[in-house]
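Okay, so chain A shows up in both of these, paired with chain B first and chain C after.
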Partner chain A sequence: MNTFTYRKIKNASLYVLVCLFAGLTAVPLFAILGQVLIKGWRQLIVSDFFVKSTPTTLDALIALRSGEIIPGGIANGIVGTILMVLMATFIAIPIGIFAGIYLAEYKTSKYASIIRFLTDLLQGVPSIVVGVVAFIWVVIPLKSYSALAGSAALTVMMLPLIIRSTEETMKMIPNTMKEAGLALGTSYPIVILRVMLPSAFGGIFTGVLLAVSRVIGETAPLMLTALGSTMIQWDVTRPNSAVSLLIWEFYNDPNLQSLVWSASLFLLIFVLTLNIIAKQIAKKWRIQ
Partner chain B sequence: MSDKAFKTLLWFAASIILIITGGMLYSLTSGAIPAFKQFGFFEFLSSSEWNPTEGSEKYGALAFIIGTIITSILGILFCLPFSLPVALFIGEYFKGKKIASLLGTIVDLLAGIPSIVYGLWGFYALRPIIMSLGLSPQGFGILTASPVLGIMIIPYAASLSAEFIRMVPNDLKEGAYSMGATRAEVIQHIILPISGSGIFSSYILALGRALGETMAVTMLIGNANGIPNSIFDTGNTMASIIANQFGEAYGLKLSSLIAVGLLLFLITAIINFIGKLIIKRNNL
Partner chain C sequence: MENTIKENILTLKDVCISYTPGQNAVNMVTADIQKGLITSIMGPSGCGKSTLLRAINRMHELYPGITITGDIKLNNKDILKMNAIEVRRMAGMVFQRPNPFPTLSIYDNVIAGYTLNGIKKTKDEKDEIVENSLKNVALWDEVKDVLQKKGTFLSGGQQQRLCIARALALKPDILLMDEPTSALDPIATNRIEELLVELKKEVTIVIVTHNMSQAARISDYSMFMYLGDLIEYDTTKKMFTNPQDKRTEEYLTGKFG
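Let's turn to the complex of A and B:
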C-alpha cells in the first residue's frame, strides 16, 4: 500500500475511534439514569414517600406478596440529610468565604501559600478518612453517633471547594474597583464586604452549590458518624439517617429494592439539578 | 469594624484550615499508635494477617494495600480508552464547538453521580454480567469493582487532560499542517508529546481519587481479608475495610483501622502532591 493512502486511512481511523469511544462515555450515564428511573419512579410518586419512615422488611414483604407498593417512605433519610447538609453549609459558608478572601488578598504571603497548599490537600482527602476523623473528634467525646458528627464531616469536605471558588472569583475582580472604594474614603472591611463580595457573588454561589451537591450524596463519612435511624429524628445529638445511608442499609434487602431505587432517583434528581443550576449561574455571572 | 479586627478575622478563618489538617494528622496518628506499638510499624505494613479472634488478635494492612493498588490501577486502565478520546474530542477535534461542550456536560454529570448510586448500579447491572460470564461465582471481586471505579474517574482524568491538549500552541500545530501532516500525525508528533506530562499528571490525580473511593468498591469487591490471588478474586481495599469493619470495632481493631486510615491519608496526599507538582512544572 502506498504511504499516502496509509496515512489517510490512519488519520480517518483515529478520527472514528476518538468519536466512537468519546461517545461511548455517555453510555454509563444514560444506563444509570435509565435504570434508576425505571426502577425508582413508581415508589417516588407515592405520597407516603416524603412523609413516612422506612418500613420494616416484613411489612415490605407482606405488601409485595399481595402485589402492592411497599408502604412507607424515606422521610427519616430526608430529614437527616437536610439537617446535616444545612448545618454543614451554615458553618462552611462563613469560614470558607473569609478564608478565601484571605487567600485572594494575601496572594504572595508565605502563610497564604501554606494555607492554599493545605486546602488542596484537604480536598484530596478520601471521604472515608474524613469520617474516621469526625468519629474521633465528635462521636468519641459525645459518646454517641449523631447528626452533629455527620455535619462536622460534611463541613470539612465542603470547606476546600468554597475556599477555592471564593479565592478564584475574588482574584478576577479588577483591582481598580477596590482602589476606587478606598479612594472614596470607605474603610477596608466595607470595601471588601460591600463592593468586592457582591461582585463575586455569582462565583461564590456556584462554589457553594457544587459543594452542597458533592456532599449531599456522601455515604462513607456518614456511616461512621451519623450511623442511621429508623425513625424521623430532629435531635442533632442523636444518631440520624440520611438518604444515602438508607440506600447503603437496604441495597441488599430484596424486599426493599424498589425503595432503594427510588431513594437513588431522589438523590440523583437533587444532585444533577444542583449541578446544572450551578453551571448556569457560573455562565451568567462570569466576570470578564 | 476596624481594619485590624477584620484582617484578624480573615486570618483566623484561614487558620482554621491549618487547624483542621494539623488536627487530622494528629488524631489519626495518635489513634493509630496503639496498633503500631503492638505490632510494630513495619510489621503492620508487611503483614497480611487480619485476625480479630479474641486473645490472638493480629492485624496487618498489606492485603488491603495490595487490594487498593490493584483495584486503582485496573480502574485507570479501564478509564484510559474512554477518557483519552474524550480529552481529544473536547480539546482538539471539536475544540470550542457546541458538541464538545455537550460532551463536557455529560462527563461532568458523570462526576456528579454519588458513589453509592454507582455501587448500586454495579451491584444490580454489572454483577449479573460478571456472573453469567462465569468469571466469579458470586459476581463480586476486583474485576467487578474496577470497571465501575474506572467509569467514576473518567471525568477527573478527561477534563484536566482536555485542558492540557487545548493549551498546545496553535503555531506549532499549523507548522506541522503546513508541511503536509495529517491530523493524526499532528496529534501523535505534536500534541501528545507537548501535553504528555500534563496528561500524565491528570491520571496521577485520577489515581488519587481512585485510591480513596469507598462506597462503590465496598459494595462490589467482595470483602475478603486475604491478599487477592488474581483479578478474578475477591479482596478489600483500605477504604472498604474501614467502611466494613469500623462499626463494630473497638480497642486494638479500632486502632488498626485508624492506622489504615492514616496510611490512606498519607498515600493520597503524596499522590496528589506529585500530581500538582507536575502540573506546576507545566505552568497551568
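Let's turn to the complex of A and C:
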C-alpha cells in the first residue's frame, strides 16, 4: 500500500468518525421524543386532557382496574404554568432589557463589568437554590405558597438570559446607526429607544423566547414556592400547580404514573415549538 | 470664485483635537468656511480630516476621552458652548457608509428627524417635506411608488441619497459629509457629485474626501491636511494648479498618500 492510498483511507475513516459522532448527538433527542410519544400520545388525544384537572388516585385506580384511560388532565398545571411564566416574563423583560442596554452602552465601565460578571454567576446558580431564596423572601413574608412566589423564582432565572441576549444584540448594531440618529439632533435616550431598540428587536425577542422555554420546564424552584394545586387556580396569591410539578407528582403516585408521559409530551412539544419559533424570528429579523 | 459678498458660516480658530492627552490628532487648525460653497478637506489617511469634521457637529462626545480646544463658531455661535442637540440640527451629517434606519420605511427615514425629535407635523406637511427632500436628492422619481418599503431595500447609491435627504429634511445650515462616496460605485458616485453641486444653492457643504479628483471636480475651496496640520487652504482651482506648499504639491502629484 503506497502512502497516497494510506492517506486516502485515513481521510475517509476520520470523516466517517466525525459524521458518526455528530449523528450521535441527535440520538438522545430522538430517543426521548420517541419514548414520550409512544407512551404519551393516547392520553394526550383524549379531549379532557387540556380542560380537566388532575384526577385523584382513586379515580385513576378505578380506571386502571377496568382497563380504561385515566380520566382528567393537566389543566391545573397548564393554568399555573401560564400564569407564573407570564408574570415572570412581564417582570423580567423590562429589567432585563434595560440592564442589557446598560451593559452594551457602557461596556468599558467598571460597574458594567461587575454587573456582567454577576449576571454570569446568576445564570450558574442552581435552580433549587433560587427556589430556596424565593421561599425565604416571598413565601415566608406572604405566609403562603403562591404563584407569585413561583414567578419570582422564575424571574430570577430568566433575567441573565434576557440581559445577555439584549447586550449581545445591541452590541451587534453598528455604531453608525447611533451616530445617524444623533446627527439628526435626537437626544441620546430617544436614539436608544427608537432607533437602536427596534433594530435589536429580533435578537431580544429570540432571547425572551429562549428564556421562556428555559424556565417553563423548571421544577425544583416551584416545589418550594408554588407547591402545587389539584384544581385550576387563578388566584396568584394561592398555591398553584405547573406542568413540570405535575410530572413530578404523577411520578410519585403509582396509580398516576402513566400520566407522566403525556404531561412530558405536552411540555416537550411546547418547548420545541418555542425554540423553532425563536430560530425563525432570529433568521427573519437578523441585523443587516 | 467671483462671489460678490463673502460670508463666513463656519469659523475655526486654533482647533486642537486629541484622542490621547498630549497628542493632537488635529493641531491648531484655523480656517473660515464660506456660505453657499462646497469646501473639501483632503489628505492622506490619519491626517485628521474626519476628526476635524466630526468636531463640527460634536460627534466626538459619543466616545470618552476626546478633548477639543479652540473655537468653532457656526453662524457666529460657539458650538462648544451650545447644547449638542441644537448644534446637530444646524449641522447635518452624511456618513461614509449609507446608514438608513433599517426598521423604517423610505418615507419614515426622510421624516425621521422630525418624528424622533417629537416635532409635530400634519400629514400634508410631512408629505411635502418628504417629497421636497427626495426631489432635492433626485430620488423622488425612483422611489415615489415604493415609499412604504424599507429604506434598506434601495441600492447603495440610492440609500446614500436617502441619507442626504434625511439630513436635508431638517433644513440644516451646513451639511457635513464624511467620505460619502467611498462605499459607492463610480456611477452612484457621479450622481452624488452632480447632486452636491446642485445642492450648494440651498446648503453649505463641507466634504471630507480621499479622492483628489472628486475634490477638484466639485469643490470651490479645498483644504489639505497632513499629520493633523492644516497645510494649505485655498480655492480649489489655485490649489490644484499652483499649490503653495511643497507637501501639497507632492500629495497632489501622487508622491505620497
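Methods note: the second predicted complex is superposed on the first by the 264 of 288 C-alpha atoms of A that agree within 3 Å, B and C clash if a C-alpha of one lies under 4 Å from a C-alpha of the other, contacts with A are read in each partner's own complex, and residues count from 1 in each chain.
In this section, a contact is a pair of C-beta atoms (placed from the backbone, for glycine too) under 8 Å apart; a residue touches a chain by one contact, two chains touch by 3 or more.
All values derive from a computational prediction rather than experimental measurement.
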Exercise for review: Identify the partner contact of A:Thr237: answer first if only chain B is touched, second if only chain C is, both if each is, neither if none is.
Suggested key: neither
Practice item. Using the touch definition from the top, say if A:Val191 reaches chain B (first), chain C (second), both or neither. Key: second
Point to revise | Dominant contact partner of chain A by residue count, chain C or chain B | key: B
Check your understanding: Now for A:Thr119: first (chain B), second (chain C), both, or neither, which partner does it touch?
Key -> first
Check your understanding: Now for A:Ser199: first (chain B), second (chain C), both, or neither, which partner does it touch?
Key -> second
Exercise for review: Name the contact category of A:Ala183: first (chain B only), second (chain C only), both, or neither.
Suggested key: second
Practice item. In the overlay, answer first, second, both or neither for which of chain B and chain C A:Thr56 touches. Key: neither
Review point. Considering each complex separately, which residues of chain A are in contact with chain B in the first and with chain C in the second?
Key: 187
Practice item. Could you pull out which chain B residues touch chain A in their complex? Key: 1-3, 6-7, 9-18, 20-21, 23-24, 27-28, 31, 81-86, 88-90, 93, 103, 105-110, 112-121, 123-125, 151, 154, 158, 182-185, 187, 208, 211-215, 219, 239, 242-243, 246-247, 257-258, 261, 264-265, 268-269, 272-273, 276
Check your understanding: What residues of chain A sit close enough to touch chain B in their complex?
Key -> 7-8, 10-11, 14-15, 17-22, 24-26, 28-29, 31-32, 35-36, 94-99, 101-103, 105, 111-112, 114-115, 118-122, 124-129, 132-133, 135-137, 156, 159, 163, 187-189, 192, 213, 216-220, 223-224, 227, 244, 247-248, 251, 260-261, 264, 267-268, 271-272, 275, 279
Revision key, fill the gap. Note: in the complex, chain A contacts chain C through residues 108, 174-187, 190-191, 194-195, 198-199, 201, 287-288
Exercise for review: Give every residue of chain C touching chain A within the complex, in rising order.
Suggested key: 57, 59, 62, 64, 85-89, 92-93, 95-97, 99-103, 112-113, 116-118, 152, 163, 166-167, 170
